[in-house]
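Working notes for the structure below.
First chain written, first letter: the chains are A, B, C and D, and each begins at residue 1.
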């Protein structure tokens, strides 16, 4: 394992670590992750990344999806006829106050950790999200992404982060697609166009390097 | 073939029909499309779509990539270290005034057809692009996407169009990825999350339906 | 009085009709409006405009200011050192859950009327506001502005509305500056650069015209 | 004169130092500045500020207005019916390639100084402007504004800069309104809500302080 120190302006970005994905009982999307090993691995890897970030002062930004009843945010300015914007209201998922929308226990924001509000769409930047404002406030240039699903919201965030001028790094084992084929496709055919990848152990090993580098930089 | 009339507020969006992709002699990315049949099919299908749109008054919006020498636009506000933002300046492609940046002969904008300016990134909305302003000016709600490459710029545009509230339709045979595997992955695993797909013949058949529908709507 | 029918795509925009401005007891900014006649007139004129809009189906959009304790939204991405971004946290006004932040009784949103969220700044578009998305959803092109204060938040909204491509109309007697001099300055030297003005009686008279015009347009 | 060192992340922002305002012969708006002393003072003060910025390495950002013939940018997504968006196309000013659009001789950008592109509106951020991207690239948090006209484009830029999280400082004698009354109104009733003011001599005296402060900061 090559250890490259994490960028001094790094942030760990946790996308949708909510019960909707992570709780087999209350999560209405949990069953979509057909490859259960991908899901279990992602939860463990993300916990490793989160612990390392917190231990070494790397900012953690939480990106939940929380919609008001009826999901009017997804209508945006046109009726939601296609894609997630149509599917989510139909499924009734991600609604404020529901069981599914709560953060999974192990990934609840610590006091002071910013939680994105107003997001409405797959990308963390979508809708009236304050994600970009939060990142600017923190002086973040380098995003380390973890979450669900790899080929949907994580990938949309990766692509938009690239286009907005951020350096985006996917912590690949801390993300899960529905299937192994989807997961590997993103790693092989997508990530290198928009950023790069590392695993959670590499991220954890890189965090202290960032701290060491900080006083000099 | 089921013919659904095109949406009255439709536009045909042509992404990077420039020599960089389409000219084997002057195009420096032409060789990236390993599956030549995908490329040839895309050119023919896109021509079919373009003719139909023009014949029936469906607006056509051209989305080229044109960067100033050195590609400072891709530095955006951080140095371009990863992804296309790093790769393009290194390759020296897409530079204003170069042979590669010219529209392919068959896809040159007709007088009055809007051409997006200021785009800097994979998505047609990236950077200081006026794509959204053009679409608002035209009253467009439904984007019919064609271009290159399917899994890179077309897909980034599809994803951001969804998140911004547009209904996005991919004219799949008028787009080319580098390989058949990549092309089919987008069709099978990506498009339905963000929009839907049709082929160029379906789009062409749908255009007159739109005209008929207009006076009533 | 010349009656020009209101634009078919009009909306009445009510800026900060909250107790902070309107309640002499709970409103901490109420005393800033030195010219009490301006304030009383604005309340009556705005009520006239609101009644007319509701009676004739002109959409009403409410633009409150609501900040979380400590007003971190106003830090945005830099520490708030100047202007409203510094003054508001210092004064402790506009905080969620406070008395001052509640809508004045006569201007409470009716069921279904959109209420802007995420606004952080003087303009209704500022911060992670969903104002633009709401207007696009409603198909609004013409904003009729009322509220407080004329030369601060109303004027910032007017200016940004102009720059974003909206037609903006100030209902001048339904707005109040702190002094008559400020109020007249905006009317004489500012509005014509960014839109036009009318009074509440003209707006009320124009609303039915809009309805009559709709079937033909 | 109190000398406060300029912020280490400062930039001097020059708004519309073009012939349209500054050339009595070719400039079609030159006559709008009724108070000629305001105009002459602004030219001299801005030259002082520009020299100081260049001498001490404070970045200079040029914000011209340059529109394509017919000014379709000002139509944005709605027909330009009101304000500058209607007045400019009617007057035929600010058109690419015209005499009026050229920078005044003394204010031509030096090699490497960024020039904003795509601006369409009063604020420097309007339309598909790359102003925000340029400022982010330079790491700028503090804008020192100079230009024309004080109560129109300079003030719109001041207001939007505030709302976007920048600290904005108006170099008041390096700006000109049409009349002294307008100029003083902005100074007395507007600036303090959105930033602060200083004069060009203070700015020039502050620039070396910035350099001295840099190694320590």
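Just so we're on the same page, a contact is a pair of C-beta atoms (placed from the backbone, for glycine too) under 8 Å apart; a residue touches a chain by one contact, two chains touch by 3 or more.
Values in this document were obtained by computation on a predicted structure and should not be read as measured data.
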{"item": "A-C or A-D - the one linked by more C-beta pairs in contact", "value": "A-C"}
{"item": "Chain of greatest Cα-centre distance to subunit A", "value": "D"}
{"item": "Whole-Å separation of chain centres (CA-atom averages), subunit A against subunit C", "value": "36"}
{"item": "Chain centre separation in whole Å, for subunit D relative to subunit A (CA means)", "value": "40"}
{"item": "Cα-centroid distance, subunit C relative to subunit D, in whole angstrom", "value": "28"}
{"item": "Where subunit C touches two or more other chains, by residue", "value": "75-78, 127, 133, 136-137, 165"}
{"item": "Subunit C residues touching subunit A - in the complex, by the definition given at the top", "value": "73, 75-78, 117-118, 127-130, 133-138"}
{"item": "List of subunit C residues in touch with subunit D within their complex", "value": "75-78, 81-85, 87, 120-123, 125-127, 141, 151-152, 155-156, 159-160, 162-169, 182, 185, 189-190, 192-196"}
{"item": "Subunit A partner contacts - residues on subunit D that touch it in the complex", "value": "133, 136, 165"}
